[in-house]
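Written out below as structure tokens is the structure these notes cover.
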Amino acid sequence: MQDFQQIINTIHTDLKNEIDRGLVANYIPELSHIDAKNFGIHLKLISGESFSVGESHVPFSIQSISKVFALSKAFQLQGDALWKRMDVEPSGDPFNQLSLLELENGIPRNPFINSGAIVIADILVSQLENPKEDLIQFVRDLANDQTIDYNLEVAASEKATGFNNFAAANLLKSFRNLENDVDTVLDFYFHQCAIEMNCEQLTNAFYLFANHGTCLQNKQWLSASQIKRINAIMLTCGFYDEAGEFAFEVGLPGKSGVGGGIVALLPNNLVISTWSPGLNPRGNSKIGMQALEAFTTKTKLSIF
Amino acid sequence: MQDFQQIINTIHTDLKNEIDRGLVANYIPELSHIDAKNFGIHLKLISGESFSVGESHVPFSIQSISKVFALSKAFQLQGDALWKRMDVEPSGDPFNQLSLLELENGIPRNPFINSGAIVIADILVSQLENPKEDLIQFVRDLANDQTIDYNLEVAASEKATGFNNFAAANLLKSFRNLENDVDTVLDFYFHQCAIEMNCEQLTNAFYLFANHGTCLQNKQWLSASQIKRINAIMLTCGFYDEAGEFAFEVGLPGKSGVGGGIVALLPNNLVISTWSPGLNPRGNSKIGMQALEAFTTKTKLSIF
Amino acid sequence: MQDFQQIINTIHTDLKNEIDRGLVANYIPELSHIDAKNFGIHLKLISGESFSVGESHVPFSIQSISKVFALSKAFQLQGDALWKRMDVEPSGDPFNQLSLLELENGIPRNPFINSGAIVIADILVSQLENPKEDLIQFVRDLANDQTIDYNLEVAASEKATGFNNFAAANLLKSFRNLENDVDTVLDFYFHQCAIEMNCEQLTNAFYLFANHGTCLQNKQWLSASQIKRINAIMLTCGFYDEAGEFAFEVGLPGKSGVGGGIVALLPNNLVISTWSPGLNPRGNSKIGMQALEAFTTKTKLSIF
Amino acid sequence: MQDFQQIINTIHTDLKNEIDRGLVANYIPELSHIDAKNFGIHLKLISGESFSVGESHVPFSIQSISKVFALSKAFQLQGDALWKRMDVEPSGDPFNQLSLLELENGIPRNPFINSGAIVIADILVSQLENPKEDLIQFVRDLANDQTIDYNLEVAASEKATGFNNFAAANLLKSFRNLENDVDTVLDFYFHQCAIEMNCEQLTNAFYLFANHGTCLQNKQWLSASQIKRINAIMLTCGFYDEAGEFAFEVGLPGKSGVGGGIVALLPNNLVISTWSPGLNPRGNSKIGMQALEAFTTKTKLSIF
């Protein structure tokens, strides 16, 4: 067996002093103040063994990583009915997100572009009794950690500046692909993006995606077939318009967020999370991408 | 001199029993209930002589025709500073209005597509002391008729269903091309679209565009050069993605609205308005387009 | 009556030493060698009076201005059947010419974008006995000047580098909107673009567009209605994605070419041609655009 | 161990009489004449064991599947220098292939869309001494079968009707992303698409993709890292705009062609090919997609 602690230590050492760390997201004050030097890694094997290095216990805003939790909850509740309201194709296109929605008559390309995630939020608002409470409880249960919570300042800031999401939600509404009213759905959505977790919590919460749907506490939340499908979507759509690049360089299903977090997994084997707040021009953590590429190169682990 | 009364009588007779009158706009109840048989024409020569036929005195919702009034007021207030916030090129493109805005970084293609008209509305909200009162007063003064007013039910319905406009306004806001908040600007915009006028009032209000900026009451509102430019925009952008067709078939600057109104003009010569509520697939009054084509064919009048 | 000679003299004096003259087209050697200082104007009134200044007798490559001659010949031969194979809407869009063609299933947006002009060329190849001889003869007859000819070096260079036109022609062929084979049509098209004329010849050749279809020699080539329609297309589509700007600033139907020529006209009044080889970023003669704007400002002549 | 023979027998029995088999490609006569009832499967385990059912020995036109061979050869010859001339992102977009190329300045989105495959063909034309002979020899060696060959009638038909590919190649040339002349590159490309193989040959030829770059004859052709990357591109881009759907439903890297073939693989485990000529609306074999979905459902094998 490989010495995983030494591998992540080496990666951490190699990258922790890298000068060019990308740019910290600055569209809201809460994100812009984060120190770009932060860099943590947490790895958990399917056997339960864990390995940590760096700022792996500092909570950060998981942002778009939350879309995986929301999709999982909605898939659990609705099953394949979900796919009537969105597609599962990669968008590949940095240019014109809203135009894609226009050209395709209000059917989002996949559940991880913003318009798709807003439709998922709409489904959860319709289906959950107490949407915000129920979603955070789902995340806590997956991670087996009841301290996980929303950062309300972040949620409020997202709301105050999220004009692009208001545009997308209204466009969905104009195509009758939003059941609830725009403000309610986006209030839920902005909270979802404002969940704070650290690398260890994220890794634990994603354990079920490497384990056919059964979480750390041995509870089966989704079927093996559903998990396989979510993993496929992560691989093809999990990194904005850099999904192909991530599959090409890293070769694992995963999801990133503009808070600088990335989580990736190898089915039957392991889950790994990284956090480094600086982003590359395509919105993914610059150091995190390099760390994961180094990890799969050194370990020769990959789905391909 | 031509016998204009006989010409419009003939056109009216020829078209009033046409079976295929297009489809009345039905996105709000107030518009959908209008009888498609309505058909009026009002013509005024630059000399002041007027000619009417049919339902030329029945008020209707002028909708996008109001964009000419709003543009004129904003041009009067801001002069060429206006063009920093929008372009004057035809859009020509029925497919992806919001994507155009995305591709061009929030600069609307021209002041008559919805996003451009929303920027104009934003300017008026910033510049006018009492935006709604001041705009309607401007229209009343142009038409020399103090009875013209907003239809508040129409404005309320537009607001309740105008998700596409909310999408456009939020997208503009995300590109920092909207100064005021979305709700305030759209409240003004929806009122503007809900102005009710009849063919005669419209014709009178457009008299200044055929008369180098001087209205019926002999007041100069805009310079000859500004009027020339507004006429140019009407010709190239006044009929959604059918502007080229209108220039080709009719050959006059003009503006249409989904309420079924069209107003067109020949500089130094005349203004003519038509109203027939049924629309062709591109959103312009079907019978109105035919009436204006017949008018320029019979009279051989055209800017070309 | 205005002193037209003095007006064009003043314009010429004001602009002839302008430092920023734009960039001379350099995609083929024959165009790149032209001296950017060249600047000529030729004006002809409908009465027949002529006025010249500067290099108005130096021949240049008329390039896209030839599309007006080709359209006129095809319209004469086919009448309205022409419009089954192309539309008359402005393109307005600098971004994706071929994609427009894809989105609209091989129907070019108008006869002046390259794909539309290639369809026109295809029609002439099908309809004319000796396409190249017949087209140049048509131009000579319109201008009443039998010395006008193709520049064969320019035609050969266009052919050797015109990959974008080969792309467009093949795309048209894939949509079955090209009857003849690609090489034959483009050979004709590249010759058409390589016609050489000077400002006076161009002005004379366009006389019929200001005169309801009757040329200088008093021969009626097209009907008044057809001429009106060609003028409308020139206004809405004659200046690439700057058509709206030209209508807005100048207010005359016209056509430009990347050789630096522009010809514009006021129906019933006059035709005016300018030549200055430097182009603005949108591909129209920089000094020519300024000269025409100055001309309509000084004379207060415009269709609007 | 699973009873693979029984599994593919069951799948074959379940689908062989399916009424709705999709539409056989008809753009060239050679493809349109194939009987839609054909249906073969060939499976090879990494251990070398093989399983066949149906028309698994009838040769068919592999069409776009050949893009994997061409990419592999070019990757072997050029290494990562390849990626300067194209990207690895999924296109996801059925609407406007050429416009993508325009928007992205002549850099194809990935090596499996036609424009990307044409750039690969250009590289092979530049790098191989006898391009056509060398490519077919590479395929023969991978499959360990010297009888594999081009179908020259198919190649000739592709050439006679491939206007869209001529459009793409000329557009690439206009962006200077094609070194050789269009006719030479496309002659090679049309031959490449016209390779004929049967399911068994295809399966054998793809063995190296499941075996870290080492083929059946135990020769290492590409590095493990290169193979991982080609597999990643197959997963994200291998099925036109249905790549996400295939990843979602099947969960294996693979490649399809309009001849009705599909080949897919599970690294370290197996390669499987299917052939059924009828296509679904997105251009992939209808029965083949169903067969592979059934195979991964029954065997629970998937990369996810």
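Each chain carries a letter (A, B, C and D) given by its place in the written order, and its residues are counted from 1.
One rule holds in what follows: a residue touches a chain if its C-beta (ideal position, glycine included) is under 8 Å from a C-beta of that chain, and two chains touch if they have at least 3 such contacts.
Predicted model only: the values in this text are computed from it and were never measured.
> Identify the chain pair with more contacting C-beta pairs: B-C or C-D.
B-C
> Centroid from C-alpha atoms only, then distance subunit B to subunit D, rounded to Å. What do you get?
55
> Between subunit C and subunit D, what is the gap in Å from one C-alpha centre to the other?
Distance between chain centres, rounded to whole Å: 47 Å.
> Please compute the C-alpha centroid of subunit B, do the same for subunit C, then give the distance between them in whole Å.
32
> Which residues does subunit A have that touch at least 2 chains other than itself?
Subunit A, residues with two or more chain partners: 95, 103.
> Please list each pair of chains that are touching.
Chains touch in the following pairs: A-B, A-D, B-C, C-D.
> Using the touch definition up top, name the residues of subunit B that touch subunit C in the complex.
Subunit B reaches subunit C through residues 87-93, 95, 103, 109-110, 224-225, 227-229, 231-233, 235-237, 241-245, 247-248, 251, 253, 267, 297, 300, 302-304.
> For subunit A, which residues are in contact with subunit B within the complex?
95-103, 163-164, 166-168, 170-171, 173-174, 182
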